[in-house]
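Data first, discussion second: the structure below is written as structure tokens.
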Amino acid sequence: MHAARQIGGPLLQVENISLSFGGVRALANISFEIREHEVLAIIGPNGAGKSSMLNVINGFYHPQEGRITYKGKTRARMRPHQAAAQGIARTFQNIALFKGMSTLDNIMTGRLLKMRQPFFMQALYLGPAKREELEHRAFCERIIDFLEIQAIRKTPVGRLPYGLQKRVELARALAAEPELLLLDEPMAGMNVEEKEDMCRFVLDVNEHFGTTIALIEHDMGVVMDISDRVVVLDYGRKLADGTPDEVRADQAVIDAYLGVSHEETASAAAE
Amino acid sequence: MFYREAGQFKTSYAADQAIFPILQDRIFVAFLLLVAFVVVPVVANEYWLSTILLPFLVFSLAAVGLNLLTGYCGQLSLGTGGFMACGAFAAYKLSTGFPELNIVVVMLASGVITALVGVLFGLPSLRIKGFYLAVATLAAQFFLLWLFNKFAWFTNYSPSGVISAPPRAVFGDFFVTGPQATPAGKYLFALTLVALLALAAKNMVRCRVGRSWMAIRDMDIAAEIIGIRPLTAKLSAFAVSSFYIGVAGAMWAFVYTGSVEALAFQIDRSFQILFMIIIGGLGSILGSFLGAAFITLLPIFLSNAPNIFGLSISVDTVSHFEFMIFGALIVFFLIVEPHGLARLWQIAKEKLRLWPFPY
Amino acid sequence: MSAFFIDPFVDIFSYPAFFLEVLIGGLLAGVMYSLVALGFVLIFKASGVFNFAQGAMVLFAALTLVGLIDLGAPVWLAIVATIAVMVTLAMSIEKVVLRPLVNQPAIILFMATIGISYFLDGFGQTIWGSEIKTLEVGIPKSPLMVGEVLISRFDLFAGLTAGVLVAVLAIFFQKTRVGRALRAVADDHQAAMSVGIPLRTIWVIVWSVAGIVALVAGIMWGSKLGVQFSIVLVALKALPVLILGGFTSIPGAIVGGLIIGSGEKVAEVFWGPALGGAIEDWFGYMLAMLFLLFRPQGLFGEKIIERV
Amino acid sequence: MIRKLVAAALGTALGVSALAAGTAQAADPQFIPSLVYRTGPYAPNGIPLANGFADYFAMLNARDGGIGGVPLLVEECDTAYNNDRGVECYERLKNKGPTGAAVFNPYSTGITYALIERATADKIPIVSMGYGRADASDGRVFPYVFTLPATYWAQADAMVTYIAGEEGGFDELAGKTIALVYHDSAYGKEPIATLEALAERHDFTFETFPVAHPGLEQRSTWLTIGRRLRPDWVLMWGWGVMNSTAIKEAAAVGYPMDRFIGVWWSGAEQDVQPAGADAVGYKSGTFHGAGADFPVHRDIFTYVYDRGQGATERELVGEVLYNRAMINAVLVSEAIRTAQAVYGERPLTGEEVRWGLENLNLTQEKIDDLGLAGLLSPIGLSCADHEGGGQLRIQQWDGEKWSFVSDWIEPNRDGFLRTMYEGSAAQYAAEKGIAPRDCAN
């Protein structure tokens, strides 16, 4: 299916991560890895700690225990903007676009890290600064074309419908040319057509740019279709880790999804 | 009919990224600049130049500065008066300490000094947000005024604590401060400086730095996650904003009034400039100018109104009514258009685009 | 250096009685700030509006009261009439300003209250004039000597008033139906509306209560300074109290007042000389700001949790 | 909508305004601008000032038809004691009338500072009577600024002279402590240099206590003064709400009122009345008397109030600040009269009025003629001396009214204040690149 790309070695390894908030344990001793160029899905019921996991990976939460190795380097405690600088981009469960800005500006903002011109040149908007703006504009236009959002280029994102906002958010994350893209429920709240579009975009991104993708998704159909591997979290613990078929056959996963164990008691705090 | 962009196609991103992409706008702005630079100095009398246009220009610059911080970066500040004072006193110390320094350099350097002070008082913004930050910026307001009032070094040991601008020329004998300066000369100097700085502000907000401010304003956590350092973004906003406000303060002391004491930059001044950007439009450079015009002209209009209409009303009644009308108008504008005059202007333009054919 | 790090402490230890006087004077002065800060807290708590017009309301209440007394009304009647005026004011503000601005961002509402503040300043003075007026409601003024320590009777009275006021407010919030509704609104607007409390009524009530608090503050400050325009400026003394105590906490307003009041007086008397004096204007703000660096939500404010 | 609002407001204003004194619009009047502050934080002090100024000119118009047959056209502009509004008022009024503004009386040290350069360029004199820059007394550097009849420095000097008299001579000052409580602004700082010089000369200890604007809170200052330092005398340079607050706080810490002396801006009814009984015994400096029993007031009652054209209520005529502004009006009109003797009885330009001010010589005889006997000491100005040698007195509040408790005191100008004026003015001239005039001829 994904013939054009070659899944490589581990890009990011998570080892024995534990995270708690004021006594509430959100993640307990979790380990898994994300391999280069793959699409990894993280699934689990509400409160399983999926978003917390992404927050740990991109430096927003600081786990009490465990370590993260990214591109072969073990990472010390870092701030989110440092993670971004190392090529990790993400989207959010509840859309976190810059509501006061246009679609184009949102995407250009995603490209911020690639822009180098000093402040003074920007104030003068001369020569190199202008050239830089235009080069990046051209790049962002390619993303706009790719995601088919040309018509809303100059619309303030606050006025866009939900589905398009999700797409703009993906565009903003792509603008950073990330090596690792974290998508938090990219298809939540979408209708079937929108979901299909989004799946197509995710796969295209993976294929054309070779971007490694880790995504959280509830729709099992989608997950099984597009991911190379699946990590299942429940109540802050890892239940299973493997190819879609392996996971589908796992008894613990089945229990969790049928709700026979402790799903009702799962704390919402971790989400 | 006349305001049509139909048929104007952009063939390059450069043309599309221009400040005024529409031809009519470019013509209008060129016309406006022509009037401001050529017609006004010839036609306007001294009263208009020195009591309406000069303060308008100075206020506009300060409003642009505050708008960069509050409107674009979302950091509410009530310390504007203190930063203006900082610019004024820095300019005084520089121009008396180094008399050979050109006045333009003095103005910009005092802006830089104010920017440094602004960064210092911007540091709490990394921890403190919203109204807490607004009240904390009052610490800057009160502390700075106290400092300039208290230490005679800032006023060159003048017994009264008042500084007055020494006469300085931009070149030759084109004096822009001191008694030799003509109102028209001062006006042109202020206009040039303000126009250039406003252009620079416009460039900043449409480039990387401006986007990083707006990202912090709209959602600071998301901004950090896509790689914006809050420290850099917030402090650069404080620095640039304070630079503008500092230059405005220096112009206030040197070009507009000619002499000030620290008390001229009281907290009322901070509120006045905050009004300008709210009435004019948060996050709009044009709005800063519209707001400054509105807030400068309204009281003058109100206090002249009885004369204009040939009424004889005692001055205290007029002043009290001024307060009431001013307050009522602010509420009125907030209700009618919370996004300020700049938005009204935009709506008017959109209407004009279709005129005379309604939808 | 020693003037800053050693001398003040030497002073404090050599004149303990004087230090005590300054401390007590500061604490009581702080209570006077708390009286004004309370009005801010009430409104912020119930509607999230930073009501900058609180200072103007204090002046307006005091002007109305003294104006009515000058017209010959007995003090009690004047107070009742002024309360009626403040309630009317609250209703007009709700109708004319708050209702059309509902759901606007906080900064817009903040600006609107500055507009209200200008309007009230002009309106009060148009009706009652700008001359200074003496307000005499029989508060004792002579100093009280406790051993060697001098305490102002007026300030004690003010402290007592503030205490009573806070107690009354506490009872109002804890024990009455309306009070509980107000607390519900403070916690969650949606939830409050879903249990059938009209938000508008709540706003009118809370602005009225803030108006009555303004009247109490106006009586105290008016007796102290004479009723005049400058009273609006006491709002500026209440702001550091407000951020130190937390925008949403009534006990915070009192404790904040005590800390700011005593802090600035002690600083002025013992550290002021080393810095050239008149430092109390900014000292309160600096103190509050430094404090916020460690606790960004103020002393008793609700903790801010960030999430994505 | 804006227009509707304004129109509505104006309509209401028309309805309620009965105050406006419609000055006669006769041909070719002398235009006299009046910068007032009937609003703002200092309105309680600004209102009587504005009234006194207005009433005297109204009386001249009614009694004499103006000055030398030239009617006087007075127009008020409210500055709210705010510097930029003051500048706006100045610019608005300076070219009014057939010959422009005769003279400006800003009634604010800040506005005076802001106007000095402008007025000098426009050749319009500024009379800063008892405020503004003391060093402007040097007419060679400040040709268009007048400080008559006395400056703050002269006031400070006279206060020390008075204290010396009370203590039993200048020698007795040695070892005494005098404290200064001052408004922490340009205005409040004016006397410090003089008092420091005097402290050195007479060997007394001088302590300063700045009070931050606006002066609502003075607890710490007064605890230090009343409970700790206990100085022999306290002087005060206060303004507005600061004054009454200071008096109350002084009483609260038990500081004796009769050893507490305010500057003339801290010595009006508005400053002591809010303090009630606390203020009894409080003293202040002044350069004129209080009360409405002088002949000039009789004329004001007859020609203005009896015709129902007064600016205020009858009972308020004769208040300290009312009298002060009325005297200001007297000085301005006598300067115009003096100038008319040379330039003819017609509306004069600012420059001509300046000549009148420089050649103003109010002898005791003339003061008696004007109905001001006992209200003011003789004054005579010259090209170099813009202060005019006014004398000062100390007054005391008895709970009802102000009355003099000293005779006229001559400030020590020659060899002391005059040297200080000239030194300070020379520094100003150097900074501004002004070549002082030659007043020898």
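Each chain gets a letter, A, B, C and D, in the order it is written, and its residues are counted from 1.
Assume a residue touches a chain if its C-beta (ideal position, glycine included) is under 8 Å from a C-beta of that chain, and two chains touch if they have at least 3 such contacts.
Only a predicted model underlies this, so the values are computations on that prediction, with no experimental measurement involved.
K.L.:
Could you pull out the chain whose C-alpha mean position is farthest off from that of chain D?
P.N.:
Relative to chain D, the chain whose C-alpha centre sits farthest away is A.
K.L.:
Which chain has the mean of its C-alpha atoms lying nearest to the mean of all protein C-alpha atoms shown?
P.N.:
That would be chain B.
K.L.:
With contacts counted as defined, which of the two, A-B or B-C, has more C-beta pairs across the interface?
P.N.:
Between A-B and B-C, the larger count of C-beta pairs in contact belongs to B-C.
K.L.:
How many Å are there between the centre of chain A and the centre of chain B, using C-alpha atoms for each centre?
P.N.:
Once rounded, the distance between the two centres reads 41 Å.
K.L.:
I'd like the Å distance between the centres of chain A and chain C, where a centre is the mean of that chain's Cα atoms.
P.N.:
Here chain A and chain C have centroids separated by 48 Å.
K.L.:
Please compute the C-alpha centroid of chain B, do the same for chain C, then give the distance between them in whole Å.
P.N.:
Chain centres of chain B and chain C, defined by C-alpha means, are spaced 32 Å apart.
K.L.:
Distance-wise, how many Å sit between the C-alpha centres of chain C and chain D, to the nearest whole number?
P.N.:
36
K.L.:
Residue numbers in chain B touching 2 or more other chains?
P.N.:
146, 149-150, 221-222, 225, 316-317, 319-321, 323-325, 328-329
K.L.:
If I count partner chains per residue in chain D, which residues reach a count of at least 2?
P.N.:
Those would be 16, 38-40, 43, 47, 184, 210, 212-213.
K.L.:
Touching at least two other chains at once: which residues of chain C meet that condition?
P.N.:
125-126, 130, 276-278, 281, 308, in rising order.
K.L.:
Please give the residue numbers of chain D that touch chain B in the complex, ascending.
P.N.:
Within the complex, chain D touches chain B at residues 1-2, 5-6, 9-10, 12-14, 16-17, 19-20, 22, 36, 38-40, 43, 47, 50, 76-78, 80, 83-85, 87-88, 91-92, 95, 109-110, 113-114, 116-118, 120-121, 133, 184-187, 189-190, 192-193, 210, 212-213, 424, 431-433.
K.L.:
For the complex, which residues does chain B have touching chain C?
P.N.:
Touching chain C: residues 76, 124, 127-132, 135-136, 138-139, 142-143, 146, 149-151, 221-222, 225, 267, 271, 274-275, 278, 282, 316-317, 319-331, 334-335, 338 of chain B.
K.L.:
Chain A touches which residues of chain B in the complex?
P.N.:
Counting only chain B, the residues touching chain A are 13-14, 17, 200-201, 203-204, 206-209, 211-212, 214-215, 217-219, 221-230, 236, 283.
K.L.:
Report the residues of chain C in contact with chain B in the complex, numbered from low to high.
P.N.:
50, 96-97, 100-101, 104-108, 110-112, 114-123, 125-126, 130, 236, 239-240, 242-243, 247, 275-279, 281-282, 285-286, 288-289, 292-293, 296-298, 304, 306, 308
K.L.:
How about chain A: which of its residues touch chain B in the complex?
P.N.:
58, 60, 79-81, 83-85, 89-90, 92, 96-101, 105, 108-110, 112-113, 115, 117, 119, 122-125, 129-130, 133-134, 137-138, 141, 172-173, 176
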